[in-house]
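Some structures are shown below for you to check.
The two complexes that follow have chain A in common; it is paired with chain B in the first and with chain C in the second.
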Partner chain A sequence: MRRGLIGRILGAHPVGTAFVTPYVIFLAAVFAYPLGFAVYMSFHDYFFAAPGAVVERPFVGFANYVTVLSDPAVRRAFGNVLIFLVINVPLTVVLSLGLANALNAAIRWRTFFRVSYYVPYVTASVAVVGVWLFLFNSNGLVNSVLGPLAPDPSWLVNSGLAMPTVAIYVTWKQLGFFILLYLAALQNVSKDLYEAASMDGAGRWQSFLNVTVPGVRPATTLVVLVATVTGANLFTEPYLLTGGGGPDGASASPVLIMYQRGIEQGHPDVGAAIGVLLVIGVLLLALVERRFVGREES
Partner chain B sequence: MKLQAGLLAVVLAGSLAACGSGGGAGDADAAAKAHGPITIWYSNNAEEVAWGKQMVAAWNAEHADQKITAQEIPTGKSSEEVIGAAITAGNAPCLIFNTSPASVSQFQKQGGLVPLDASYIEERSGDVAQQYKSPDGKYYQLPWKSNPVMIFYNKKIFAKAGITDPKLQTYDEFLAASRKIVASKAAKFAIYPAPSNEFFQSWFDFYPLFAAETGGKQLVADGKATFASDEGKKVAQFWRTMYADKLASQEKYTGDAFVDGTAAMAVVGPWAIATYKGKVDWGVVPVPTSSGKPASEVHTFSDAKNVAMYSACKNRGTAWDVLKFATSKDQDGKFLAATGQMPLRKDVASVYADYFAKNPDYKLFADQASRTVEVPNVPNSITIWQTFRDAYSKSVIFGQEDVGSALDGAAQKVDQLVKQS
Partner chain C sequence: MKLKFVALLVGAFVFLFPFYYMLIGSLQAEPDPSVSGAFPKAGNLTFHNYAEINKSIHLGRSLINSGIFTGGVILGTLVFGVLAGYALARLQFRGRGVVFNLMLLIQVVPFQLLTIPLYVLIVRSYGLADSYLGMILPFLINSTAVFVFRQYFLQLPAELFDAARIDGASELSILWRVAVPLVRPALLTAVLLTFIGPWNEFLWPFLITKQQDLQPLAVSLSNYLTTVSARAANPFGAVLAGACVLAAPAVTLFIVFQRRFISTNLSSGVKG
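== the complex of A and B ==
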């Protein structure tokens, strides 16, 4: 009976369970506990205090959420991140799949190109942001090429263009990682399928649509989810590219506002409420995406 | 990942606070008299580090049983965040020679600061000390040094634009000179204050001119916002014209626009003189006012950094002695010589007359140091500055709202914030 209980707890493969346990503990310590604590903070008048300082942190119900939702800057930041995701996620999928497919083919300098795409991903944002400013400021390369067609105000100080510019920057910066995911997935697509398609008279484009795209669908699901989660956590790029969410908050992200309210301004309770709303938003979005992509998969 | 990291940082700081509870008034009384080794942090620029090292060496040579262990403030996004985290974790040093006055109300609310002896502070700094008093009437910071900001101009660029005798006293004169510079293409912009949205950027565009225009008013006085006054709107409108006429840029600049020659003028304090050496042939004038006040009446922003004692300090008796030693006439003189920054003490110009005779570039700043305006020491200070900056950015820099209504709206919000504790 006792053995049965242990067996039920450890499952059919106790060794596997033993291997997984440290990671579960790690997740509980660094993710579940902090998340729970953030929820607690968001329902209290909470601020950080020195050890020994006598402070009250009363329960305030949804007051912090009311503060957050009635703040136009927060609402705008959530809107901004939606604009970001609408641009970033599809662009990431299309570009990374297309480039991975090209890099998977037998082309010259293949390794060089693979590394080239990966370099921006592993380079710190602070280091590469200068390149982007050189390209997109009003005297930058892009405007020089565009000449009279250059937008006024310029890209990063234009309310309508700031967020799309940030979205394109992030797409470029992270592309290397997603290309790697697709490259790995492409190794699992059976060569037989391409041969069969070829026998049926399919061209390159038809093979790509009918063999490659369905073949890497699990990877696409992963790319969409990862791009959504990382995109929703956007912080560094608007902070560095647009000087703290300018112009007029047009590129502010929820995490940027969370940092301002929670850390800079000493209201971690409000910051936590923004964080909780962001987690809920991302979960809902991920569920919708999962269902959308997953249905095709099935 | 960034969200998780943020939450983790927030929570770890919170849990550390929970773990470290204990102590009380009895401990504080004992600590106030205790002597022994202490730790201090100072700023990380080369000049201040050099001064800090000699100060510590001088103290340690005389106090073998009360040694100072010093280090540069740990790097973070800003010193204020690092200090805030250290307070929460209970591992702040005894003294930090880099405490921003804007953060004092927050650190005080956290229970992180120790009140200091008012008589020494007022004796050393004179009337200017009053601006650093907290709402409870105590000093939680020692006014240490200021960098009164003024208008630096590039003589070569001005000459190229045909201006040999710069007149920058009134708004009209400033605008006329700016237009001439830009029209002549001597520089791309007349001036280039950071147009970004960080809460502290207003200290280097709006606030110095507001201090000058109002004869020394703070952003908030007697629990009310002051910036939506006629004077505040005049200042904001002046800057609006600078942006609308493309005399100043709306874009973030990654280098130093003044050193690069992209801008003909800059709003900075004397700390920058060392940076400009050999790179820019500069002159300096007080910030402009609408009516062109004489230089001797012009106020400006102090850009001060102060010393505070932190509640994690066990040997506060020694910490207080070190504080007095480090801000003595002798050490202040060494600080001035090493950094060019103005000790916030009475009559700097006459006390260190020899220094200013040898370094005339700094004399103007010493004169200006007696007419400086600090950020208001009120609760929610940083939230207030961010609220102001958001309205300023929207209306003045980007012209998306009328300047007057933007300032009125921000003033209403700031009035509410001041009332909160």
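== the complex of A and C ==
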């Protein structure tokens, strides 16, 4: 290996710098710079102008944030995402851990089950949204099965049910990914602990609660975090399933409003402010969840 | 044990039924939302819906666009991602730690925050609206794949690299002749994982393509869903036919290579 001054300054393999340069440029151009630009935009009166045109974009302090926070549609969208998360996150954790646990024990048809759970995850949301529209239509299959129990107005046009239906759709769509995370985590739970538990006379349910659940806690932290971030990024489903966040904004998501204000209505500064607030919200929520879910680790 | 098996069966039904229904619905001449409509009936089956959706959105063209978008992302990730992953795993150079931490940091930046500034930059400043480059650019190198490449290159024995270096091989030829052939299965996994993202991506291509003949299938299908479908004779049949065409490549790849989606890389993510 080369030593000496050059080696100490550049490292043993200066060619590595050349290898990572395209990636670093990509990260700077697509993540770092736009990130700073988003914050900049949110504090300025930023509007679309012809390329190359010199226009003044004055600093406006928190004006865009005031606009955003005093907009009832935005407040509603943030409230909607909370409804979404309250349904989606616990359901995701319980169902994916339960199914992963059953799958881990099952010998028969294992591949078949794994494939069936993962298929919705690998399929484009736009594709499966078509089927869900068909299924949850007012005269769709779900309602014909339910008969007189069918809700009126129907699922996706009912202001109380639209967001829960979207939340259940997303849970269904993403569950396969979380099942895989839990399956991987279950491999790391020591078999000895189960043996010890059964020696102590623990039943199946007790050993699930006392061995499995604590054993996969790091994975649970990850699942909760990823599900929260996915939920905060919600766009395609309200845009397509409920015709742009209907009825009357009951299923609008912050990203949907960000798109409408920022691009459709031509206020990128307001859109950027919504984005910044959304990220701050997700970070706060993630901190709270970490406290709550990961508490026994510390 | 019995109970678990039944639970798994019920689960599998819930997960697979919409796909079955997608296929049945796409073949029905008359949509039948009643319970009996979930079973195929000889007289009611047709490929007409596929012709109908093809008339409205040119499936071939849209599929080619999806293919170019996805192919560009995969190519970028393979070429630049393998270089970066190799350098991060095997080369000592100034700034390696910084790049590695930057890569981890990037993973937590939500793409949605970047949507508006990226739109302004790519569409307004660079004038890349309605272009493949503009579509591909934000996804060009998949950071998760770079991380996976790095993990695989790290697992190779150091003696291999030392021997090649003593023989005087350049780093590029070591990477190409020694390292890449040894991790070829991992590369396939990374390609498959990278495939799903752009193939299914909706928001970004939706934002930057207004020209119909440049839109990937997910975008054309959603436009059909929101606008044109009201005028078609059997809009659901046509939508479901389009949905089948959009779903088929990803689902087929997944079923054929399902083992590769599952094994090592995800578990390394959990343990990491």
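Following the convention adopted for this analysis, the second predicted complex is superposed on the first by the 265 of 298 C-alpha atoms of A that agree within 3 Å, B and C clash if a C-alpha of one lies under 4 Å from a C-alpha of the other, contacts with A are read in each partner's own complex, and residues count from 1 in each chain.
Keep in mind that, in the parts below, a contact is a pair of C-beta atoms (placed from the backbone, for glycine too) under 8 Å apart; a residue touches a chain by one contact, two chains touch by 3 or more.
The model shown is predicted, which means the values in this text are computed figures rather than measured ones.
Engineer: Once the two structures are overlaid on chain A, check if chain B and chain C clash or fit side by side.
Structural biologist: clash
Engineer: With both complexes overlaid on chain A, does A:G160 touch chain B (first), chain C (second), both or neither?
Structural biologist: A:G160 contacts neither chain B nor chain C.
Engineer: So, A:G245: does it touch chain B (first), chain C (second), both, or neither?
Structural biologist: first
Engineer: I'd like to know which partner A:A185 touches here: chain B for first, chain C for second, both or neither.
Structural biologist: After superposing on A, A:A185 lies in contact with chain C but is clear of chain B.
Engineer: Which partner does A:Q265 contact after superposing on A: first (chain B), second (chain C), both, neither?
Structural biologist: Only chain B is touched by A:Q265; chain C is not.
Engineer: With both complexes superposed on chain A, which partner does A:F112 reach: first (chain B), second (chain C), both or neither?
Structural biologist: A:F112: touches chain C, not chain B.
Engineer: May I ask you to decide whether A:V55 touches chain B, chain C, both, or neither, giving the answer as first, second, both or neither?
Structural biologist: Only chain B is touched by A:V55; chain C is not.
Engineer: Which holds for A:M41: it touches chain B only (first), chain C only (second), both, or neither?
Structural biologist: A:M41 sits against chain B and chain C alike.
Engineer: Chain B or chain C: which reaches more residues on chain A?
Structural biologist: C
Engineer: Where does A:N137 make contact in the superposed view: on chain B (first), on chain C (second), on both, or on neither?
Structural biologist: both
Engineer: Using the touch definition from the top, say if A:V126 reaches chain B (first), chain C (second), both or neither.
Structural biologist: Second partner only, chain C.
Engineer: From the options 225-233, 243-251 or 261-269, pick the one stretch of chain C whose C-alpha atoms clash with chain B.
Structural biologist: That would be 225-233, the one stretch with clashes.
Engineer: Under the contact rule defined above, give the chain A residues that sit at the interface with chain B and also at the interface with chain C.
Structural biologist: On chain A, the overlap between the chain B and chain C contacts is residues 30-31, 33-35, 37-38, 41, 46, 48-49, 51, 130, 133, 137, 232-233, 235-236, 243, 255, 258-259, 262-263, 268, 271-272, 275, 278-279.
Engineer: Could you list, by residue number, the parts of chain C that touch chain A in their complex?
Structural biologist: It comes out as residues 1, 4-5, 7-8, 11-12, 14-16, 18-19, 21-22, 25, 31, 33-35, 37-38, 80-81, 83-84, 86-88, 91-96, 99, 102-103, 106, 109-121, 124-125, 127, 137-138, 140-141, 143, 146, 170-172, 196, 199-200, 202-203, 207, 218-219, 221-222, 225-226, 236, 239-240, 242-244, 246-247, 250-251, 254-255, 258, 261-262, 266-267, 269-271.
Engineer: Quick check: in the complex, which residue numbers of chain A touch chain C?
Structural biologist: 9-17, 19-20, 22-24, 26-27, 30-31, 33-35, 37-38, 41, 46, 48-49, 51, 98-99, 101-103, 105-106, 108-109, 111-120, 122-135, 137, 139-141, 144-145, 172, 175-176, 180-181, 183-185, 187-188, 218-219, 222, 229, 232-233, 235-236, 239-240, 243, 255, 258-259, 262-263, 268, 271-272, 275-276, 278-279, 282
Engineer: Along chain A, where are the residues that touch chain B in the complex?
Structural biologist: 30-31, 33-35, 37-38, 41, 46-55, 73, 130, 133, 137-138, 153-154, 156-157, 159, 230, 232-236, 241-249, 255, 258-260, 262-268, 271-272, 275, 278-279
Engineer: Over in the complex, which chain B residues touch chain A? Could you list them?
Structural biologist: Going through chain B, the ones touching chain A are 1-4, 6-17, 19-24, 27, 78, 80-81, 84, 87-90, 92, 106, 109-112, 194-199, 250-252, 254, 311-312, 380, 382-383, 386, 390, 393-394, 397-398, 400.
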